[in-house]
Structure formats: C-alpha cells, structure tokens
Amino acid sequence: MAATIGVGLIGTGYMGKCHALAWGGVRAVFGEGPRPVLAHLAEVNADLAARKADEFGFARATGDWREVIADPAVDVVSITTPNAFHAEMAIAALEAGKHVWCEKPMAVALADAERMAVAAKASGRVAILGYNYIQNPLIRQIGTLLAEDAIGQVNHVRLEMDEDFMADPEALFYWKSEASSGYGALDDFGVHPLSLVQVLFGPVTRVMAQLSKPYADRPTREGTRREVETFDVASILFEMGAGINGVMALSRSAWGRKGRIALQIFGSRGSIVFDQERFNELQLYLAGEAASTQGFRTILAGPQHAPYDRFIPAPGHGLGFNELKTIECHELLRAIGGAQDARVIDFATGLGIERTVHAMARSHHEERWVAV
Amino acid sequence: MAATIGVGLIGTGYMGKCHALAWGGVRAVFGEGPRPVLAHLAEVNADLAARKADEFGFARATGDWREVIADPAVDVVSITTPNAFHAEMAIAALEAGKHVWCEKPMAVALADAERMAVAAKASGRVAILGYNYIQNPLIRQIGTLLAEDAIGQVNHVRLEMDEDFMADPEALFYWKSEASSGYGALDDFGVHPLSLVQVLFGPVTRVMAQLSKPYADRPTREGTRREVETFDVASILFEMGAGINGVMALSRSAWGRKGRIALQIFGSRGSIVFDQERFNELQLYLAGEAASTQGFRTILAGPQHAPYDRFIPAPGHGLGFNELKTIECHELLRAIGGAQDARVIDFATGLGIERTVHAMARSHHEERWVAV
Amino acid sequence: MAATIGVGLIGTGYMGKCHALAWGGVRAVFGEGPRPVLAHLAEVNADLAARKADEFGFARATGDWREVIADPAVDVVSITTPNAFHAEMAIAALEAGKHVWCEKPMAVALADAERMAVAAKASGRVAILGYNYIQNPLIRQIGTLLAEDAIGQVNHVRLEMDEDFMADPEALFYWKSEASSGYGALDDFGVHPLSLVQVLFGPVTRVMAQLSKPYADRPTREGTRREVETFDVASILFEMGAGINGVMALSRSAWGRKGRIALQIFGSRGSIVFDQERFNELQLYLAGEAASTQGFRTILAGPQHAPYDRFIPAPGHGLGFNELKTIECHELLRAIGGAQDARVIDFATGLGIERTVHAMARSHHEERWVAV
Amino acid sequence: MAATIGVGLIGTGYMGKCHALAWGGVRAVFGEGPRPVLAHLAEVNADLAARKADEFGFARATGDWREVIADPAVDVVSITTPNAFHAEMAIAALEAGKHVWCEKPMAVALADAERMAVAAKASGRVAILGYNYIQNPLIRQIGTLLAEDAIGQVNHVRLEMDEDFMADPEALFYWKSEASSGYGALDDFGVHPLSLVQVLFGPVTRVMAQLSKPYADRPTREGTRREVETFDVASILFEMGAGINGVMALSRSAWGRKGRIALQIFGSRGSIVFDQERFNELQLYLAGEAASTQGFRTILAGPQHAPYDRFIPAPGHGLGFNELKTIECHELLRAIGGAQDARVIDFATGLGIERTVHAMARSHHEERWVAV
C-alpha cells in the first residue's frame, strides 16, 4: 500500500473545489506517489465547512482556518482564499511545518509576497503557487520544442490574456474595481502569461506599461455611480534576456473572450502559436519544410505529450482545465517527495513574477521603462 | 452525511480507469447524491487487481470478476472489459440484483445484446451503456436548441467519426482486423454518432451502407501477411422519422483525425455544427440575423451550459473527455435514485442502436436499403 | 505585338460578367498568349446588350445571339445563358467554326449534352465547360500531391457542397423548384464536386443516391402554395476505380453555408482537406512526422502554387473567385493554341460528369446502386 | 458611351501590375464612371517598357517617366516605383496637372512627404496613396458597425502585421536591411495597420515604440557578413482620441505569417476581430445575445457588403487581394469625378500617417512617449 499524505484545504470556492478534485484524483490518474488523505477543511463558518467537507470527502471541518494548520493529520495545506489572506495563512502554515500550495497571485502588496518567500525559505518546506496553466502538456511541449531548438533562436514573443467578466459597463461596482484589490488586469491576469514566460524563457528584465480604464465609473447597488479605481486593460512592452523582446496585452473587459491566453513565439527557424481557449491544440511552423506544403500545423494533444497519457491513452480526446490542477498536484507531490525537477513555481520564483508586475505598474505611472 | 453506494469495477484499462475517476470525483463535482464507496475491483489476475485497487483507491481486489458481483457491499457494477465479455458479466450482475454501467457497444452478436436487454428489463435494476459523448454540455445545448425550435424543422443531418489508429497499412494485424471483433468501423465507431442521433432525434428507420477495406492485408508478427476481415471505412445513407435524412461516414484509417465526431444539422431556420475534437465549442447559425452580420457563431462552453457549472464557474475554460464520464456517472446515480429524466442510454435504447448497426451491415451485403 | 483572338459573349449576368472580366484581364495577368479583342456581345434585347457592351468594353452589341456566332471577327464564344439554351447555342457556334467556352452544366437533358459532345468532336474546335473551381492553384496542388504519392494510395473521399440560397422555406417558388430545371442540388451543385473528382481521380463508376425535399411546397406570388418539384438535398455513395469509394452530400438549403465545397481525401500515408469557403487554404497531414509534432498543416496559397504567381508575387495575399475564371480563360487559350496539357474539362469529359449525375438520379428512383 | 480618362503608369513590378489590372477591370466591374484609356507606360528602359505595354495593353511605352507625365493623353498617373522616387515623380505629375495615385508609403524622408502634401494641395488635383487594405468590403463593414455603435464605445485596439520574407537569418543582406530604406518594419509595414486605424478611428495622438533586430548581421554575396541597419520587429503602445488606446506589433521575420494584418477592436457592447490572411471573413461578438448562444460569429463577405456585389452576386465566394486595388481605383475615379465621400487616403491624410511613423521611431530612440 502507498504511503499517505494528509491534506488540509482552506477555502472551497472556485479554486478550492479545483484543489479538492485534484487531491481526490491525483493518485488514480498517476498511479504513483503517496495517497492523499483528505483530512481537514476550513471555511468562513463551521456550517459551510461541514457541508463542503461532506461534498468533497474531507474527514473534518472547521470555521477557523488555524485549526487546519494546527492539525497534526495535515501535512500540506491548500490555500484558496481571497488574495488578501494568502500571506498570513501561508506563513502560518509554513511556520507550523506544513507544505503549502497557495493560489496565485501571492499577495496584493509586494511586501507581503516578500515575507512569504522569506518564510518559505526559512521553513524548508515546499511552498508553491497555483500557476496551473504551465502544467498543460502542450505548454510542456512548447518548452521541449524550445529546448530542442526546433524554432531556433527566439527573438520576439506576444502574449494576450482576455476575459469579459468586467466588460459590461453597467455591471455593478465590486471589489475588483477597488484599489485595495490591486492594479487590475495587471496583477489579476498578468501573472498568468508571466508564469508561461517564466517557465519557457526565464525572468523579464525591463518593462514599459500603459494601464487604462475602459469605464470611468460603475453603478452601485445604491443607485449611485462610483469611480473605478483599477485598470481593466494593460498593454506592456517588455524585454527578457538573450535579445528577446515582447508585447503583452491584458483585458478583463474584452467582450467575447472567455479564457483567452494567447501566445505567439517567433524564432529564427519557426514559430509557435497557442491559445488557452483551445488549449488542447498547438500551432507550429517549421521553416525547413518544402515551399509548396509549408504551413502552421495544428497539433492535437495526445499521449505523446506527457502526462496526457496518464489521463487518456487515445489522442485528440482533450484534457479539461481542472485536470491541469491534477497535474500541478502531482508535481507538488513530486516536489514534496524530493524531486529536483518538479515543474512548479515556488515562492521564490513567484516573487520574481510579483516584482515584474509591480515594475510594470511603476512604469505606467512614471511613463518610462523600468528594470525589474 | 450523504448516503453511500457501493461500487464494483470489472476491468481497469482505458475505460476502467475512466470509470474509476468518475466514481472518485462525482460527488465532489456535483455536491449531491450518494457518496460512492469504491468497494471491489476485478482484473484478469489478482496481482494486477491488487495494484489497480491500490491506485484507484478500491477497498478489495480480485482476479475473479464473479466475486465483485457476489459482493454484498457492491450496489452497482462498472463493466469495462472487452466487448465479448459484456453480455455474460452484465447479465450476471443484473441477476445478482446489481445496477450495471456497461461500456458500449453492448455485444458483438445481436443475440447477446438482446439477452442483455431482456435481463435488464427482468431485473428491475438500472442498466445503462457508456455513451459518454451524449453527456457533453454542448450536446445537451444542441438538444435544447432543437427542443426550442431554434433552427426550425430539421431536414438533413451529417455525421462523421474518424480516427487514425488503423491508418498505417504496415501496422500489425491485431484483433480489430478479425471478423470475430465485429464489422469494423461500423460497430466500433458507428454506435457513437448513433448515440448522438438517438438523443437528439430518436431512432433511425432505414439505412443503406457501404463498407470498405482500405488495406486488403496486414503484416503479422511472424513476417507473413494476413487478410483483413473487418471494414475500417463505412459510408451510410439513413433516414429517421419526420422527414429527416442523413449521411454518416466512419473511418478508423483517417490519417490526422484523432477523435473527430463531426455533426452538421440543417434546419429550416438555422444550422448547428459540432466537432468532438473541439468539443468545448459549438457552431450555430440562425437565419433571422441582419444580412450584413449573419454568420456561424462559435459558442464556447460555459457555466450557462449545465452541468459545466458544476466543474468550473468561469466560461471558456474547457472540460475534458474524462469529465464527460463524471457527468454520465452522475446521471446514472440520478437514474438509480429514481429520476425519470436521467440522460442515459439504457439497455433497451442501446439495443435499438445495435439493431441499427446490424441493419447497416446487412444493407451493405445485400446492396439495398434495409429497414431497422 | 501579340496575336489577337476575337471574343464573342452571349449572356451578361453573373457568369457573363465573370467571363468578360476574365477576357479583359487574362493577358495582363499571364503576359503571354493572344490578346483578346472583345468583339461582339449578345443579350436578350439590343438595349441591354448595348449597355453591357459599353460597360464590359465590347465593340459591338446585339439582341440576337446568332449575330455573335455569325460575326467573322469572333473566334471564340462564351456562352453564359441559362442552361436550357446551352445546347442550341454551343452547337451553332461549333458548326460556325468557333471555339466554345460554355458554362456548366452542359444541358438539362442528357440527350442535349450528348449532342453537344458530338458537335464538339465533329467541329475540331476547342469546346470546354466553365468548371472554374478546378483552376484553383491549391486544387492543382492537391493534384500534384496525389501525383507525387504524398499521401499514398487514396482509399476514401468525402465531398460536400452547400449553399443557403434556397434554405428559406418561405422564399417564393421560382424556376429552380420546377422539374424542368433538372433534379435540383444534384445537377445544380453536384457537377462541381464531380469536376474536382474528375481532375483528381478520374471518372466515377458506380453510384447510390438519395434525394430529398426539405420543403414540400413554397409560396407563390399569387398567395397560393405550389409543390416543390426538385430535390434541394442529395446524399450519395459512390465508387471510383482503384478501390476508392466516397460520400457526397449536397444542399441548396444549408443555412449559413455560402459557397462551401468541402473535400476530404484519405490515403495510406496522409490526408488532404479543403473548403472552398477558404479556398486560399489547404490542410495537409503527412503520416511520417514525429509523433509529438504531427498535425494538419494549413498551407496558404502563394507564388509557389502556380499560377498564383502570375497574379501576386507575395504569398498569403489571396486570390478571388473571379480570378479562377481568368486562369480558366488562360487554359482555354492554351488549348486553342494547341497545348495538349491544358487543364480544362472539354465536352467529352463533361459528358461523363453529366452521365454520372443522371445515374445518381436513377439510383435514387430505383433505390439501388447504378453503374455510370 | 462613357467619358474616358487617360492613364499613365510608372513602374510595372508587383504594384505596377496590380494598378494595370485595376485600370483594366474597373469599368467592367463597376459599370459606371469614365472608361480608362491605357495611354502611356514607363519603365527603367524602353525595351522593358515596350514589353510591359504590350502585356498590359498600354498604347505607348517609354524608358523616361517624364514622358508619361508630359503626355497630354494622360490625365492620371499611377506611381509604383521604389519609395525613394515617389516624391520627385508625384510632385512632377501634380505640377503637370495630373491626378496622382501613388503607392504607399509616401517617401522615406518626412520632409519629402511634406513636400508631396504641399504640392498636392497647390495643384488642386486628386492625389491619393495606395492603401488598398482599407478598401476591403469587410473593413468598410467594420466602419459601418462602429458608426452604427454596434459594439458601443471602443476602449482598446490591437493590431499586428506580420510576414516572413526576412525571417531567414541566412537570407542575403539586401536593400531592406539598409538604413537608407527607412526604419524597417515600422515604415514598411506599420503604415498599413495605421491606414486601418485612420479610416476606422482617426489619427493617433501619442506613441511609445520599441524596435528590434532579430539578426545582428546577414551574409553578403561576397561571403562576408554585413551588419543589419533596420529593425525587422516593432512593438508599439499608442493612444488615439476619445480614450482609446492600443498595441501594435509588426514583424518582417515572423515565420509562417504570409500576409497577416490582424485587428482586434474591443468596445463596451461587443468586439470585432479581423485577419487579412482570411480577409473575406470578419468576427463579430455582440454583448446582448442570449447567454447560452453567445459567441463570435464568423461573417463571410457577400453582396450585402458593398462593393462586393459589383464583383460577385453570390455570397461566400471570396474577393482577391488584387480586387481591393480595383475598388481603390474606383474610389479614385469617384474622387476625380468630384465625390466628397470617396474612400481614399489623400496626401494630406497620408502625411499624418507618415508623421505617426516618425514619432514612433523617435519614441524608440528616446525611450519615452512622443506626441504625434
């Protein structure tokens, strides 16, 4: 029988459920690693916690997240609460000797993210961030293509991330329009494409951003209008090492875009194009083909793109968004097990992403290029 | 706490694992219904069974499938063994008072399928087939559009199902090329598009098929060549009730197609187009639009397409193939719970699909239209 | 200075204008061959003829088409009148010693088509049909790929042709719903995909069709309803030589389809996919690619696909539908000049296409396979 | 009979031929306006000029472009020579009282472009630039949608223009890599998307660009390597009036892109997406649709999108790149005829585009936002 690992979960919303599903399925999918034991779940009150523990199959429930962290049956804590709580919870968990799986972004304030990175380092525990898009087998395939020099020396990259949940100008003002939530699309979205940049190319070195507000104000429940404080659109020029530059554009107000994270990579011998809205597909152009039959090929995800094979043995059948989290969970377990090559963004690397975002915001306000 | 239901699983390959994942996740996803208890798992030998039980989280394991059926802790049995075993196992399980979830197709011989249907009826238990493609929220959405008369009276339908796992003429002869496995693409694939036809339009009434062999023979391990006995390609004309006719084309030797199930539905006020290789998308054309802006719209699956919302609250993020099985599992549980509107293909309905397939084969050999 | 060729044009509607543009541009595009002199144009009355001659740049105009044929300044006659007039005009022109460029289909009645073929043979003149889709540089590229054995031995082909100009059930009854116009989609549309089949694979040998009427009757201007006599939908199984079989589906009532002619070709080493609605693109899948990067490649038309280069030296800029006619005109001029390899469908070959269509209609009425 | 207009053509390369085809076809297509008389053609020497006059159907030919301008039979002069010659030729033609149709961009040096605009104004003649992409019926449709407020207040725009003719790092150094040719992608390409911005939104007000060189040097014919002086890649942030901002990315070294000009427009009630590689298609998302059927609709160009109907009466058949030039020619003729609403970019407006490009270059070198 497999060894076990005790799991604590704080938060049971969108991402909390996603973590729960990942913990519940990871061993059946991968057939290896410790068996997760769903030990303890926390929500904002005991009733909700009890209901969710029943649904998700957790043994215990509590309205006080500190009980999860104090529980000796818990080895690793999933933190899926609003961003403002990440720092306190993650640091407490690390200090209690737990491994931590915290949703992105690390924190609203850069100082909090820095404290988290310090705590992670001091703890000796595994502390990673929930950047699940990097777990897509086809994003791994892009990494492999780059490593194999399939498209030669990359010179230019374009990234877009767009959704439309804030596109309606008459949608009510809510916390995402408050300055206390952060800059807007920049930190809400930007960290995702930056996580892809990080795993594919490494850190960003210099940035120049322009932030904008599609709508100056929004209606409130009280029938008045309130000024919008965050920027739903961000446009960024950036540079990485090795002569690579890029463009990044983000919008939370892009009607019709539902989960778009578009990536275009141009190299000296080919190009790669990807769109998260069709994340089981990859476009690849190789320069060496015969002239009359050259073209972007549409590669469908299949078992040749590990670890797709762990989910489905047949090609072209499609993974789901939630399954990226299961892969992430497996990588976390590998990291906990001591693997040096686990594909995760730990708190130290995540801090670099946060710093990049903050540099972008500064470049906007100072209207100049800013080094990260 | 939720009630429980004891689960037995026979077979742990491609579909067996898919069932195991569905049983493991269904309650966390839907937050309702009984909690599945993974009770007993059977494989061809005890060792493999034990290993898979450990991976999938089943309590007991056996090399004798009859032990699963005999186990009083088992309420429902998943049968995911090769098609030739379905009839014996399903009938035994039903006779033992278990509910049955059997992978498609029912059986190779029509007589076996008929016996299964009889057994199901006699048992009073729920007996359904694993036609998971019908569970796609967007296939449901097509059904809703048809029910709402969104595209008017349907007059013509086209279906295609193509993969390429037998496209290589030099791939070794194996059991799928033996006549004992069935007709070929017709029963291997045809039942899937027919399951979509069934839930969207009802039964097929008349058929005219042409079967063909792309490759007359294939190499064997012994270095000889053996004549291919099954038909990897099938082309079919068919009629349904209410003046609807259609075309169906199937190939297991269609290079580049990995999981294509393409559907085109033409009505008096619009058209619907779907392709399983992009199964989180649906194309809809409505006749009433302004001339200058008319066009097929690409609808991305989202929480407005139940039960997508049970998996992910955000639109455009994409479900995976395995998650269709989880939906199917939930519908099975609803049927077991007594729901009259559970979206499942039971043995009686499944038998109609099998009869359609056999009528197609006869129409090919007799070179004439055959009534189903 | 180039030699000249005198052009007569009968009919100035959709295709008449298309011919006029082709004659006007062909020499500037190709920079070779005789210079067309736009000599004489006929329409149903002298006034319309005079107006169109002025617009199209023809020297003379007449309300009597026989004057065009009698004009010694005319060497070649474009016939773009309704199908019912083709036979009389084409035969008269051939007997007058003119070359003939007649729009498809040849005639409504097979006997008329046969007389046309006889007249063409007897005349010793060049007599071709306006099957312009075969002139697409990417259709030529498909032919080259097949000739080079790029996708190996073809085993299965699928064709679709769909438009929606008759999709509205409340559109007024007009001549295309009268039996005198022919069978319906079968001859109106079917000849186009058959022309592609002809140039890519050669003749069809055996057919099995099903024709249907989406709408039993249609409103008339008088406020009554009149029974529809033609079949707007056709579904066909067919066989060619060399073990190739196929499916063809046609609809004039396919909402949302505007100019779709879809082609799928499956071979032992690859597949080819094409859609006329994106006729500057071609999809090609080659079996030999590395597993992790295999996929259909989207080939954009470019100067490497002759004679695209005669129109535009840069790739990816796109030819238009009308320009296919200019290519056809150039091939006609080459045939007139004595080239043996001109890519045209002459009356003899066109007759084979007509016979195929009539065999399809017979197979529908007799509900059996019919040899062509 | 129609009035005539005498046409002179200087240059017979890519764009020269394109002009010749447009002049040759414009009256047959539109059936209105003066009849172009192809009067006089100039090339670099008399022999080439004579050959091209014969091919294109021009009455006279010369090796001295000044003879075209001096010819009293010439009313309008097409200038399609390398950019460095535009200013001298256009100014001479205007001073000779001719209308001018000059290919973009106006000139390499801003001072030359300014002189051209002054000359145009002083002449009282029509002087326009060859920005043919703005003539696409679907670009007009976008303009109509914006004018009709279909997508509400626009807040963010993205443009990309990419080709791959300089993507090969081992392609020989040629004049486009010399500083004397301009900045690189910025002026070579950037003017095209800026022409779209101009007709859809009006002038750009502020810019921030980053230019880069994918390859530091290139091989020469002599076997040495020469440093590249121009920037094949450009990334730009920009602002327009009315709170609209945007991103623009350009590359001449984008493998696989052949004629991409991608446009994304985001408004308060919808979005519009366009790609020149599929320029007979337009994507439109309207916010008000029912939730379950919302999606980008793919609009195929058809006769409802004037002046597509002048070319083809049937929808979905596709215009070609060259035909955009025919539309441009018609608009030029309308402008010459006194129409105030001719859709052209005259020298005054074109100068604004040139100034924008030069401001972008300055912003790159000074690493700051620059007002246009």
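In this document, chain identifiers A, B, C and D correspond to the written order of the chains, with residue numbering beginning at 1 in each.
Keep in mind that, in the parts below, a residue touches a chain if its C-beta (ideal position, glycine included) is under 8 Å from a C-beta of that chain, and two chains touch if they have at least 3 such contacts.
Just so we're clear, the structure is a prediction, and the values are computed from it rather than from any experiment.
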item: Hypothetical removal of chain B, resulting connected chain groups; value: one piece
item: Most remote chain, CA-based centroid, reference being chain C; value: A
item: Gap in Å, rounded to a whole number, between the CA centres of chain D and chain C; value: 34
item: Mean-CA-position distance for chain C and chain A (Å); value: 53
item: Gap in Å, rounded to a whole number, between the CA centres of chain C and chain B; value: 41
item: Chain C: positions in contact with at least two other chains; value: 257, 294-296, 300, 302
item: Interfacial residue positions of chain C with respect to chain B in the complex; value: 151-152, 155-156, 158, 160, 167-169, 208, 210, 212, 214-215, 233, 235, 237, 239, 243, 245-247, 249, 251, 253-257, 266-271, 285, 287, 294-296, 367-369
item: Complex contacts: residues of chain A adjacent to chain C; value: 141, 144-145, 150, 282, 284, 286, 289, 291-300, 302, 304-305
item: List of chain C residues in touch with chain D within their complex; value: 1-2, 14, 17-18, 20-21, 24-25, 27-29, 31, 35, 54-57, 163, 165, 257-260, 277-281, 300, 302, 311-323
